[in-house]
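Take a look at these structures.
Here come two complexes built around chain A, the first alongside chain B, the second alongside chain C.
Moving on to the complex of A and B:
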């Protein structure tokens, strides 16, 4: 495969063409914060945590959706980017009702980890405290909108990998919500196969299996990517 | 139908026009604005009156598109005298016909701007309102019946398409557009020729042309009036673009709130197909191009090109990151050219008159003319078209007739929720892309809202932030949560409960949302806030709790 030269965080690298900036960074041990990205799913560039600075480009681009090109000079950890990541993290926490101490994902939550990584020690914006439902109608799983960050990983896992298209998004702006079918209780879904991919894809405690208690959640988000890889090999 | 057949029709129509038995043409504005003030009733009554007086062999009464000064409607215009009557209602129709056509003494009290000019003009073209304007995109609006393709043909309609098909290669068409230095009229001002060239360069058996008519800025109605007043011009522009970039299929995405525009554009497609200027083997050539209308369902964000494309594909109308740009991967992953209504409306004059002619109009960096929709506390609100580089003062005072009730000009808001406010000290700013950007506003699609002293600038910022908050698609965090937070902070300051820290947070968030948002809606949402902070900071400071 042809190689191209790029510079990431002052490090000169020879990398394969056709990859995204995020893929290249991961392969070279350069950490990029992500939330909506999950290997195996189409990248949508929605969480804006993976924004990087590229010399000669007048705006910040999301590493997950931007293909790397020859001679790119990329910076991933400037003061500006760190500051913006922290604001994003704060806005996530202020948007819905995240109470770690009672959450099944406590200690294993990607959002919680993000808070630590961005050195967020308090939230400077007023909490919105929206009214959110908890859908417990499914026999095995729970959807708690209080903990949802709208990364849409469940939507994409269900549509792209399982092919069931149970999940979708309704409303606009800060009122967006994940819905099952046409906004009916999950337990009444005619499309859900109860495969559990969304449970593993979810980065927080928004979708979780019943009969576990605080901090007991075990998720394996990597199975989505592994499944996709195995299918490719079978083909 | 081949080329000869079309020419035959045009000659026949032109001959009809020249040997016109009619001495007068009476145009009744049937744009959405005038219709809502009762022009359809006026049209009916006028037709009856003409018949009653036995003038039907002398006077032709037609329904046309927008004439401009919308708040003076219903408007009627007598040609060739170019005498315009304003606020016509059914009770004074008899008098108007009697005085104008029989006695040849126009009723001065009912003439256009009679209530605000010391002496109104019998020939309205003499009025500064029209004198300062230059109509290219709106050229035939208000003169022709938009529901008759023959009216358009008489006014050089489809001559540009004929010219490109028989005399020009796609490369030559693109070169002509590049030479015209035309920039996209949708808001961002990207050079049209370059955009066409980049779509042309991508090799693909299937390419698309999309016309963006999802005009959503509060107070803006340029695209609506063009589509209502001269739909064939837009259709011709799309066909020329399709020929240049190698597309065979087009979509016109028009917002659902514009039923009349949709109706007239669909009629135009039907007529054009019947006449062979659209569809398979246009004018007997190898070139085929078909257009379908897609109706927007009321989401502002669907005016953003990638969201619009998603909407046409039948998906949720949310934007996606660029690159790749639609020129490379657009509708169903195919190279797609997407231009605004007004851009397409400007194409055929460039082909007919040459790129050099167009590039000589306007300023060195912004060529041509721009349509603005005047609204707010201005005497003559409505639709105008001026050369780029006309000053704001000329637009507001010479054309717009100044501030209502003799008030004082405070600011003009351009570019809608993505734009900013221009204060009185910059009234002499030239209206072009660069000058407006340097003042922290944008040209945008052409909405221009004039405000007087009664407007509270913090409230203006809050209003536009509320608009963006409601219209955010909710996909990316900065726009979804950032606009909500900024709105809440602005609300707090409006209620005089905000502190200095709130103001600092607001400014920090504004920069963050501008730089981090996924699409143009989010990245421009802080503009009204930032520009009012820049020019009217004291109004914020006065509200702050110390």
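Moving on to the complex of A and C:
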């Protein structure tokens, strides 16, 4: 594979063409915050956490959806980036109703971890407190819209890996919601195979198994990427 | 009566109880107390905002109602969940829950007695109010204060070692517990037993001495007879974690026995009153006016036929002698009852820690939604607690009813306050010592009004004397 030279955080690297900035950073041990990215799924650039600065480009770009190009000079940890990441995590918390203390994902939640990583000690934006439904209709799983951050990992895991395409996105702006089929209760879905991939893909306490309580949640998001790899091997 | 001559004395907030509260004393034209209302102004809306959630989340949500008895909420809640699922917890799961509930009762009783009440007994009711608290106690009786603090710590350490958290524990799951107890933690807890037993016995010594030296007051302190309700085991033994309900009347005659808590609505009715957010529960067969009943430590000893452990049984017999075998109605005996219970808690904790299966990994049975309705009941430190859930056929809550101990004691609390106020308060000549006795009536019940405030003594008190039109005619502030 042809190589190109780039500079990331003042380090010169020779890397493969055709990769995203995020992939290159991961391969080289450069940490980048992500949320909507999940190995094995198509990246969509939804969460805006993986922002990087590229010299000569006057806006921040998402590392997960930007392909690396020769001679790029990239910075991943500038004050500006940190400021934006903190704003983003605050907005996640302000948008819906996250009460971590009583959440099934407490202590095991990627959004919580993000809050710590971005040193979010308070939220400067007014909470929206939207009224959100808790869909308990599925016999095994719950979808609590209060805790959904619209990363769409469930949508992609279901559509791209399971091939069922039960999940989709409805509305825009603050009214945006994940829907099952054509906005029917999950338990009435004709496409859902109850495989549980969305449960593992979901980074928060939005989708969880009914059988567990706080402290017992064990999500394995990495199985999505592993499944995809295994299938390639079978081919 | 001419309304302009009617005055009200307001004591607000009541110091050294956990939460915000306000007492209004109604004076007649001669300056005699003729009405007493203990206002509970904390309304936290839990019943309403839990609607729409999964029933299995309740053992984690409801402990947030209270920072002192969170475990009782979790346990009542998880039992309601188990009724919905139709499952029984494993032996070890049950024993671990029992253990943390004993720990909670201990730390709660230690707080009530050593931190909040013993300053009155050891320093005197009429001593300087700014020093009549745990800090003042630490000054004069450092050993007792330290022991009290450590007893509370032991209780919390039980929670921590069983569940990983001191206060708002995790791991109480339908079917049992989520995490097993390690051998290391079992041993560490056992190491506390000796000290904890001693401390409770010192407490018992303090209260007995106070009883002797203040016999007249103790015997006459808010003694109106009431009914009592609480949980007993199969042989009528005092029970905190799991059992059946018993009601006794003012003479100790058993009105109901071995009552399945799921039938509580057949025996308890509730009425809302205009001056308080707490509902007024009463014993249904006797009606609102005659159906006052009390719950909590005093009630539990009054209804029980015996204790489960030897040291507590010995004290229990002394306690029973006070009432010649009949219920002890004097509100002051709440303190003694609390300590006898605490003694039983330490003994039972030791017993459980020696259970061969306590560190077993068989901690949880598994179930799923099967029935629409669940009722869970347990003894919180302050009395019997009920959680009642109704769900739709996916497990989503459509109705939640919580019957808490303080609510059940509230009607009697008002009456006790009135009695004491009649005895000690005359006119609007307000002296610190008298007011404190009214407060201390409330403290006997150890009400948990919300846990937003854990006032240790220093809380300022405002006393307002109001006439019937709401005009303040006198105002005293204590800082």
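Just so we're on the same page, the second predicted complex is superposed on the first by the 235 of 235 C-alpha atoms of A that agree within 3 Å, B and C clash if a C-alpha of one lies under 4 Å from a C-alpha of the other, contacts with A are read in each partner's own complex, and residues count from 1 in each chain.
Throughout what follows, contacts are C-beta pairs under 8 Å (C-beta built on N, C-alpha and C of every residue); 3 or more make two chains touch, one makes a residue touch a chain.
Only a predicted model underlies this, so the values are computations on that prediction, with no experimental measurement involved.
Visitor: Determine, for the superposed arrangement built on chain A, whether chain B and chain C clash or fit.
Guide: fit
Visitor: Let me test your reading of the model: by the given contact rule, A:187 touches which partner, first (chain B), second (chain C), both or neither?
Guide: In the superposed model, A:187 contacts chain C only, not chain B.
Visitor: Quick check for you: in the superposed arrangement, does A:210 touch first (chain B), second (chain C), both or neither?
Guide: second
Visitor: Treating the CA centre of chain A as the corner point, state the angle out to chain B and chain C, nearest 10°.
Guide: Here the answer is 120 degrees.
Visitor: Regarding the shared-chain residue A:58, is it in contact with chain B (first), chain C (second), both, or neither?
Guide: neither
Visitor: Could you say whether A:234 touches chain B, chain C, both of them, or neither, answering first, second, both or neither?
Guide: Neither partner.
Visitor: Pick one for A:87: touches chain B only (first), chain C only (second), both, or neither.
Guide: A:87 contacts chain B only, not chain C.
Visitor: Which partner does A:45 contact after superposing on A: first (chain B), second (chain C), both, neither?
Guide: first
Visitor: Check the residue A:125 against both partner chains and state whether it touches chain B (first), chain C (second), both, or neither.
Guide: first
Visitor: Which holds for A:174: it touches chain B only (first), chain C only (second), both, or neither?
Guide: first
Visitor: Using the touch definition from the top, say if A:137 reaches chain B (first), chain C (second), both or neither.
Guide: A:137: touches chain C, not chain B.
Visitor: For the combined overlay, can you note the least CA distance between chain B and chain C, rounded to whole Å?
Guide: Superposition on chain A places chain B and chain C at a least C-alpha distance of 25 Å.
Visitor: Considering only the contact definition stated at the top, list the common interface residues of chain A for chain B and chain C.
Guide: none
Visitor: In their complex, what parts of chain A are in touch with chain B?
Guide: My answer: residues 44-48, 51, 59-62, 65-67, 84, 87-88, 91-92, 94-95, 124-126, 128, 150, 152, 168-169, 171-176.
Visitor: Show me the residue ranges of chain B that touch chain A in the complex, using the header's touch definition.
Guide: Chain B residues touching chain A: 299, 301, 316, 320-321, 323, 469-478, 480-485, 488, 505, 508-509, 512, 515-518, 523.
Visitor: Could you list, by residue number, the parts of chain C that touch chain A in their complex?
Guide: Residue positions touching the partner: 52-54, 56-57, 59-61, 64, 164, 168, 170-174, 178-179, 366, 368-369, 392, 394-396.
Visitor: Sort out for me which residues of chain A touch chain C in the complex.
Guide: These residues of chain A touch chain C: 101-102, 104, 106, 133-134, 136-139, 142, 187, 210-216.
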